[in-house]
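Both complexes below contain chain A, partnered by chain B and then by chain C.
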Partner chain A sequence: MSNTSHEIESPNEKQNRHKAMEAVKLLNTLREDFKSPILSMEYFYDLFERVYCKHESLHEGKTKIGTMCIQIPSEIIYALDGVPIRLCNGFYTDDEIGSDFMPQKACPLVKATVGQFASGNFTDKPDIVFSPTTCDQKTKAGATIESFGYKIYDVDFPRTKESEASREYWRRSVKQFAVELSKFQGKKLTKTNLEQAIKKIGYAQSLYHKISEFRKHEFVPILGLDVFLITNAFFFDKINNWIEATEKLVNELEQRVRNKISVSGKVSPRIVYTGSPPIFPNYKIPQIIEESDAIIVADETCSSNRMFNDMVAVDEWNIYDMMDSISDKYLKGCTCPIFTKNDDRIRRIIQLVKTYKADGVVYQAFAGCTVYEMEQRSVLEAMEKAGIPILYLESDYSPSQGGQLSTRVEAFIESLKTRRRNKK
Partner chain B sequence: MLNIKKKINNMNLIRFRFWFQIVAFALIVYGGYIGLDLGDKLPTFACVFNGEGTGGKCYVGMLQHDLKHPFETFIGYGGFAFLISLAMFAVWFWVLNKAWCGFVCPLGTMQDWLTTLREKLKIRFSEYSWASRGKIKSIKYILLILLLIIPVMISNSVLGLPKLPNGLSMPFCDICPGRMLIPAFTGNFNQFYIDFTSKTDLVMTLLGMMILGIFLVGAFVKKRFFCYFCPMAALQYIFSKPALLKLYKDGSKCTKCGDCYRACDMDILEIADDVTSKNLVTEDCTLCLKCIAACPEDGCLEANFAGKTIFESTKEGFILRMAMNNQKESHE
Partner chain C sequence: MKYFAGIDIGSTAIKISIVDGKKNLLGSRISASGSMFYKYAQETLDALIGELNLNKNDILYIVATGYGRKLYKEANENISEITANAIGARAAASEFGEIKTIINIGGQDSKAISLDSDGNVVNFAMNDRCAAGTGKFLDVVALKLEIDVETLGESHFKSTGTPLSVSSTCAVFAESEIIGLLGNNHSIEDIICGVHYSIAKRIVKLVKRVGVKEGIYFDGGPALNMGLVHAIENEIGQRIFVPSNPQITTSFGAAIMAVDSYNYENS
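Coming up: the complex of A and B.
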């Protein structure tokens, strides 16, 4: 035996290796474990593999604008020639690193985000980070991240959305954000570049809406897991590539609907998914659902539907009105639980159940995500009143609780099947 | 049938309305030259001072005239005739409901032209604060009551008060900017004057000229500035419930995104925030239908004529109207 030289793995290499393992495990499941796979999904599987397993950079030479929540308008970032990178993180590896900087019972998503900043290990490192003051943990995480030596800019976000004051307040925040970013980029916001960016994002959203339309069919042509992956890719992908790949996917889905090719069984219960966002590769709950012979037909989460549903509507295509309408889009239609009231969210879930003919709702809250945990009661009450079965689950990023969760999900799905049979 | 429906829902409402308003404007302002006469009970500002050109006459003008009689005349035939007039006004109104304001009214159209001019100059519009917006709502009713009471008080002594001078016989027409502007479109500038013959005339014509100035400046900075105070709108609203054309909302489909509110020239908050009412034709609504065109939710808002949906909000239509349907130019 020859003397092979042993190199000691650096912490970043170890982190990368662990993250690659997490990523590849999910990607393999998505590629192989489900029936009638979609050919055009390969672009997305490959994209995640390139970024999270091979650690390829996508945006070399561009200014990367980190965002901590969906409320930072991508329209303005694109108009000012930046690339928005949403930093919400789903890796258990990063969650563990972040645990050293956050309270023990903090939200795993925020911990993972902080963890990645602590490691400084990015494939596309953000040049500046904009952090909207949404939930407590994200608001406070900004300062922690700043202490690691990053450029963080807080964007004031109101916690009510009904009042005139909150609308004005947020419009001013967005204007201030545009001014700061414009200074940082050394580029002026113009009618032309903003209008183009609005229409581009609007087009991307229209593609998402087309996919959603297909999910209303009796034969559901696409897995909820795949849709989460597509919307997740929008966090960081080159927008033109994303649009092109999604266009292809839409065409393929159109054919599948015509040929009645379904990814689910005939009796698979249809699920609306709500609560804390599934972010790659933490698709734990959606995966359990779809592996237990149910199909997610719609969702109400900020990593997917909430990010794409509401669109900017401009009345006068001048900067003043475009800015106002961008601001309103990110505040008024938002159903984030950080707001004082949640009637809008409840109405939205019920509406999704109706339009997507769902049999039940699965509500997931990350242990430590206080706002979703708090809203659980009122949502459950409202669903009971509306006669919609709902399952509430608490989970985190750890790979260990699978067994207990899948027992509960399976039981729920069985009960939905029985309910449907009895109805007939 | 489905295809036609889709075409309508996908239409460019702004363009359609622009041309509709021009045609309506031409008929109302110049219709008289081609022999058009829609009578004198029209629920819109078809100005009686427009002489030969006018294609019909405004009922608010007529109403003031009708009321300037001693009480006795209203007992018996006079009162009956008055009610018939009012009923005819209501019938006209029921066809289009408030769309008389959003699609026909020449004063409304002129304000929209000023809005277009401002937009072209890239000047931002002004808005009222919500508090002021609420407060000014009552002004149109006060104006309506005044224009109803003053003519009565010319011919009658109400509550023992002395009779009012005859110069006040058409008090609202005196201050209505339509009296000056509409005839001006047929080359008649005779209404731009200040009358010094009596104190009443001096005050009223002076007020009229001032309001004209405020109208022009106001409509330039604030969309549909005058409509917030319009007594015609107040009178119409009394009859709005049984009208054929309606604006309906299905609150369960609403995400309260506020797109409709932002499109609304009358800043009607209910259009976005009310998720329980079905009929959304509120007192200040002009049924311009811009809210429907700006709504991205399938079937959330609709224009309904006699129980039939004629135009409804759709995602597809929204995307087309916002020109988000095709993205060729690269962003690299």
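Coming up: the complex of A and C.
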């Protein structure tokens, strides 16, 4: 029944429009709302616009290897001539679609990932998906996603990291992963291709480390929001393009530091961000922080710092040693709250606060991300002991929560400003 | 001759319909509510009677509805706009098929009404006391963009970029968001398109509360805005029916009710 004449969008068109609307909103904010913009950020703004507003595919003709969590080694994927696509998802639209398949109180990130699989709507559709058994929800989501007709390979991940046994266990899993992928790709892992891949990713990491160095300065040359965007781009961008753009950015930042061009003011509190990962376009809390005249100088999240922080440390460049070193990077360096004990994470946060001369910590957990929610207790206690102000927030992907959250963030930032002034 | 009137006194406009004993619509008239509901309603009714060459005494029964219905003391009866809307929509769309759901966007509220197969109201949802997603909201937007509210629909289809969503659901805050977008030189068309989608999303949430079914009827002043119609169709994923004169559905329903009440009282 109808008397109207316009074409109606298909479900995928509608989903694309919703995603474009979410994406453009954030990109406009990044482009327009902050002082002294960085010219070389335009590459990244444009990249996200092409992928999420114009729905361009970046990897046509290449084999896309979907990864469900940070622990799947990109080094092995690149060595075997695949493109890693990290499927952790930050779109509210996909979260809503995924809600039909997940418990109501589930984590929005997992719901969004499931939602995207349910829709089957990808700009770069993964040809094969590897899912490390990290948190409960991601582990179980694999089966749900399989029910939509995808093949998911589980990669066993241990939940303790202190013991030698868990290290052995994980090394076996990584080898198994390499065997599966090698079979799928019809390509052998060699000393040469693995070494090249390790060095390439190592170089990308070194660029991130340079950016981090700049953020230690009194005059912070780059927004935390922009850094999140750069690191999120590593989820899916062509690695050579990413490296080239980031090299340019590093040069520009170097000049900015020299010329004391800063995105923050003199009293702007310096923040270390930790907790559930900000994934494009869900930058809700970082955005509130930086719109309230504070500056994120470092983070401890799996969508940003944790991807780049630890390097693969190889003793001998033979294939077995390289494989073990890769495995260790993804287990030993990981500070995810899924582990039984997690003193590493507390140590890292305190270390970040000291190195980056931060005034306080903002800890955000997705409502439904039980492990981050649970760990706030021990982290808050440890920060209190160390005399570091910390704000704990729960949030989700819904766009309508802004008001209450911003009041709390603003009050926290004001208190940090007062402390800063009193110190001087 | 026997004639019957339905008077719908809304926050923004007064709508009056007159039907004959067989419930055929003879004519209707719309005027602004202004400050004196009663006086303007009276004037509008007189004007419509004159226009149709009727005699005032031929109007045997009047049913009032809408926010201001209790202010119209001459009415023989008054009923809620939800009941009147349901009756009017079923009658107005009879040639198209069965109406299961009504979306009504008025000047100061919006509603979703769910009907059973006999046309009885089984459920309804309203956003009350808030201008978000109402005609008032569109007025505010048009005022800020310095264009006529009637041209919003045309502009919608001229949008070529990504619609720029307005996340504030409050008309007051949305206004400042729009000022921000204009300040950064974004296309007015993309802003309008985004506003329509923002309203459409709210409306679809409202419809979901009563259940989305096939056979959706959309009325109220904002239904004249084809851009908004398009946005709602996209958000809800199906075509909706918009009557040729979407503002008078509720008064038409009240007039039909007048016939039934008169017949019942005189049987």
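By our rule, the second predicted complex is superposed on the first by the 419 of 424 C-alpha atoms of A that agree within 3 Å, B and C clash if a C-alpha of one lies under 4 Å from a C-alpha of the other, contacts with A are read in each partner's own complex, and residues count from 1 in each chain.
Going forward, a residue touches a chain if its C-beta (ideal position, glycine included) is under 8 Å from a C-beta of that chain, and two chains touch if they have at least 3 such contacts.
This one's a predicted model, so the numbers in the text were calculated from it and none came from an experiment.
When the two complexes are overlaid on chain A, chain B and chain C sit side by side with no clash. For the combined arrangement built by superposing the two complexes, chain A sits at the apex of an angle of 170 degrees to chain B and chain C, based on C-alpha centres and given in steps of 10.
By the touch criterion stated above, A:His6 is placed in contact with chain C alone, chain B being left untouched.
Contacts of A:Lys14 after superposition: chain C is touched, whereas chain B is not reached. Among chain B and chain C, the chain that touches a larger number of residues in chain A is B. Using the contact criterion defined above for the overlaid structures, shared-chain residue A:Leu58 touches neither chain B nor chain C, since it reaches no partner. In the superposed pair of complexes, A:Asn309 makes contact with chain B only, with no contact to chain C.
In the superposition on chain A, A:Lys25 makes contact with chain C only, while chain B stays out of contact range.
Of the two partner chains placed around the shared chain by superposition, chain B is the only one that A:Ser325 touches, whereas chain C remains out of contact. In the superposition on chain A, A:Ser400 makes contact with chain C only, while chain B stays out of contact range. When the two structures are aligned on their common chain, the gap between the nearest CA atoms of chain B and chain C comes to 32 Å. No residue of chain A lies at the contact with chain B in one complex and also at the contact with chain C in the other.
Those residues of chain A that touch chain B in the complex are listed here as 78, 162, 164, 191, 196-200, 202-203, 205-206, 209, 238-240, 243, 309-316, 318-321, 324-325, 328-329, 332-333, 335, 344, 347-348, 350-351, 354. Within the complex formed with chain A, the chain C residues making contact are 93, 96-98, 161-165, 167, 169, 181, 184, 186, 194, 197, 214-215, 226, 229-230, 233-235, 237-242. The residues of chain A lying in touch with chain C in their complex are 1-4, 6, 8-9, 11, 14, 17, 20-25, 28, 32, 53, 399-400, 402. Note for the complex: chain B touches chain A at residues 119, 122, 124-125, 129-130, 251-259, 262-263, 272-273, 275, 290, 294, 296, 315, 318-319, 322-327, 329-332.
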